[in-house]
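In what comes next, chain A is part of two complexes: it sits with chain B in the first one and with chain C in the second one.
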Partner chain A sequence: MAACTRRAAEVLCLVRTLRQIQHQNERFISTSLPHLAAGGDGRPPKFTPPPKPVIVDKTQSEASLRRFLSPEFIAPRSRTSGLKFVVERKDMVQRRKVLNIPEFYVGSILAVSMKDPYANGKTNRFVGICTQRKGSGLGATFILRNIIDGQGVEICYEMYSPRIQAIEVLKLEKRLDENLMYLRDALPEYSTFDFDMKPAPHNPTADVPINTVKVRMKPKPWSKRWERPKFNFQGIRFDLCLTPEQMEHAQKWAQPWLEFDMMRHHDTAQLEEAIYKEVQAELSK
Partner chain B sequence: MASWSCRLFRLKDPLLRGTHVLVSGTAAPTSICTESIGVPAVQFVRTIKSTTWFDEHLTEDNASFMRQVVSEDFKQMTADKLYPLKDEPWPRHEWQEGSRRVGLVAVKLGMMPIWTKSGDRHVVTLLQVKDCHVIKYLPKEEYDGTCPALLVGGQNCSPFQRSEESLELFRNAGVPPKQKVSTFRVTENAILKPGTPLYAAHFRPGQYVDVTAKTIGKGFQGVMKRWGFKGQPATHGQTKTHRRPGSLGPGGDPAKVHKGKKMPGQMGNDFDTAFGLKVWRVNNRYNILYVNGSVPGHKNCLVKVRDTRLPKWAGQTGNLPFPTFFRDGEEELAEDLYADDMFQYGEEEATTA
Partner chain C sequence: MRLTLRALISHGRVARRMGLGPESRINMLRNILTGLVRHERIETTWARADEVQFYAEKLIDYAKRGDTDEKAMQMANFWLTEKDLLPKLFKVLAPRFENQSKAYTYMARLPNRENLDRAAMAVLEYKGNPFPPLFPAKRENELTLINQLLKGYREERAQLSGSKP
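And now, the complex of A and B:
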């Protein structure tokens, strides 16, 4: 929407400048609707739409392409020596040259083909929504969830395993939470995805769309107390399943001092920059 | 900074003859009482401690100059020893049945997963061979009478926090001081000249090694964690007994507790060996060994790696570089050496599982 209004404003600006130029140069450039040159029969003339102005948008350059560094490249804070991560990243980049691991987030719908000796055709394809991304380095994993014949199924895939043959993103989007474990206690409609779903086109330059759906839950008891502040889930419709008293009771487990705890803050911005450059350089070799 | 310390009292009273009393802390030096008075004479040994840090009496410039000089010195030493086959090498012998070759000292970097060509997943530990040099040769008369030994050191360290006697060992070999020195019993045909650098290519993928290191210290631990005892139930009337050892043994017949009875005590911070670990991969650029499974010790600790002594792999040394891998030799090794059944990341999935 914002882009549209911006575009419209630009058009109007351009129209205004063109009109000014017209007055300055006293050249007749018709930018507005053609005046009603009444035809001979008194009927209004046929409407001809104005010519579309040609706008060369120089703002969309390489810089606006979305930069994405997969989270498993950034190692957790630990005493491990940097050389171990360097060596591990080399292996990860080598594997990525052979198998394309696309950009995806928790909440995107993926299709993974894996080699399986016991399946007919030797490959095994599973479609599901990504509920979690864990691990760092070569052991990074992601969990896909789907409901097949009424049974909820979650499969944990290791991204760098040689048994994976293809990872395809069918729908690229984000959700309100980093972790969608609560889908286990949500109504099944939110975890069901068709195996023959067609991949939806996604824009490589614009921001990743955030799906703001708030999920309706099955009645309590749940597998975990999702209302507790340690999870801080935004994507659940608590107003339909919990009373305000229950929500207040859950706040007893709040730890409001945690967000101010400076020892827990770990700024990875510089590390990300350096690793991103290194990875891009290696991939382009 | 001199300080008086009083270490040992010896009381000359005949009733208390033979007893020693230890007094801690500093006490004003008392005079030696004479026996003639009849008062118990007290004698103590005075020590003057005058240890200082190396830069305590140096200016900042001098201290940084010392550090700089020392590091340049080390680089020069390492460079001098890079080509052992070119400066008066000791004779190299061929491998024979029953020979034992030297091992290495490595740094434990961390762990990562690994996959075989058939898709099975294993875990490996990365061991980096950092500044490993042979330091001394002990002929069998000096060592234990049966076979000679080689002292090998790993990871350079600062000479400033070490005593002169320990530094002498490294000075004689012409190498920088090392943080860990290990002894390896070798056969006569596998001895090396002190100062020889050792590299990760000494081990090859597919062979099996033993790794020794000091385990992570857990302190004083109870019997359940230390020995894996089952303890007692949490409920059903147990009175103050949930993690205790229970019975200490049979009753009146031995009427004693056997020696070696498993009891609570210090756990960890002692040497332990992991036997029969397969070497999956050797990286020659960074000198890293990828060794199967886990290895005792914390991250960045120094470990001792040697060919396995398990009888199952007794004959493996035949195909390995003997007495060690010399970098200035003829063979040029690839950057990465892989075991036969290991999946290499650059290749497509070739085999069908």
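And now, the complex of A and C:
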């Protein structure tokens, strides 16, 4: 009996301190402990877990965070005047202030919720692996691929579309290739992802992990000849599906002079620096 | 249904079509570029000179990185078919253009070729070459009447300003 009263007194003390903290920091959810502890009926108070602490990690400085500039900010090589890109970037930053578009790469697993007038709840959510990122500026798109009920589904989302309500990165990683179109001809296990996948934690300072998985393909014919050197895919296990003669035959389409052709070289390092600074300045406004 | 005529429309294409195909074009430009690096002034058709001008300047940009740079050495090794020109590129041409940033070449048109094809010819050279200049500085004729009068006027002015202070 005495123990009970002591515990009740302790609880009341805790509640008083919590109420004080509550007034100082409105972010806390109401505990409802005072409400139930003072209850007169004989039932024991319903257990409500304590509020989760808010962790603010001040150990890592801003300088050590990974610098990332989304590729659609970098304008393609063209004769368009710079004004169009400046204005477009302003609009992109405006949209980013409203909707958080996280950092992701081809090969990361994303979940996108989009407004849909014909879905119940008016939103539909799709989870998939990002196979391509195309376009630049406001029209930038990314394609998510998943296999649902045995049917492969690829959905192309526009990053800055107002219909998109949330983009969540469930697993942040890179792959060996910039373009994962070959997953269409790979075994289905490489493209199936659970819709209820839990987001995996990722480190904001370390380098993005590269998933070096080499994908096993279905037997030929494929939708495109992925072994040809113009694709230069590293992420396919050719040794399991092609003979060395076929690999050599594919090399006939090799163009070894292409990497030395200086007309095709486009160095974007300085452009990236300038655009990164501009975007950071705009975001902080 | 294909809605674009890729074969006929060439919007934004910078590279000319030369020779028998892309490989042939690159090989031809390689030979001309090697000749340019060896002789520092060459004479070809206007179209080839125009293409090689771009590649010649980009090669100098790569050479400026230095011969310790892996990428620069690979590019120079590819573009110069005669390997005794590699030291010349890195040790003579790159230091010559250290202070310039863009224009390392001059191109001037020549009279059309005497052959049946009457092809438009051009001469392409690296600046700082030992030959007499392509665009010599024109001196006005001092013995015309007006120039003599002006010369006299300038001398009088110099005398007056010399005697005054």
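Keep in mind that, in the parts below, the second predicted complex is superposed on the first by the 223 of 285 C-alpha atoms of A that agree within 3 Å, B and C clash if a C-alpha of one lies under 4 Å from a C-alpha of the other, contacts with A are read in each partner's own complex, and residues count from 1 in each chain.
The rule we apply is simple: a contact is a pair of C-beta atoms (placed from the backbone, for glycine too) under 8 Å apart; a residue touches a chain by one contact, two chains touch by 3 or more.
Everything numeric here is computed off the predicted structure, so don't read it as measured data.
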item	value
Partner chain(s) touched by A:Glu88 [first = chain B, second = chain C, both, neither]	first
Touched partner set for A:Leu176, first chain B, second chain C, both or neither	neither
Touching partner for A:Phe260 - first (chain B), second (chain C), both, neither	second
First (chain B), second (chain C), both or neither touched by A:Gln165	first
First, second, both or neither for A:Val98, with chain B first and chain C second	first
Chain B versus chain C as contact partner of A:Arg79, first or second or both or neither	both
Which superposed partner A:Leu138 touches (first chain B, second chain C, both, neither)	first
Residues of chain A that lie at the interface with chain B and also at the interface with chain C	78-79
Complex contacts: residues of chain A adjacent to chain B	78-81, 83-84, 87-88, 91-92, 94-95, 97-98, 115-117, 122, 137-139, 158, 160-163, 165
In the complex, chain B residues that touch chain A	107, 109-110, 112-113, 115, 117, 119, 121, 126, 128, 283, 286, 288, 299-300, 343, 345-349, 352-353
Complex interface listing, chain A residues touching chain C	78-79, 255, 257, 260-263, 265
Chain A contact footprint on chain C (complex, rising order)	12, 14-15, 22-23, 26-27, 54-55, 58-59, 62, 74-75, 78-79
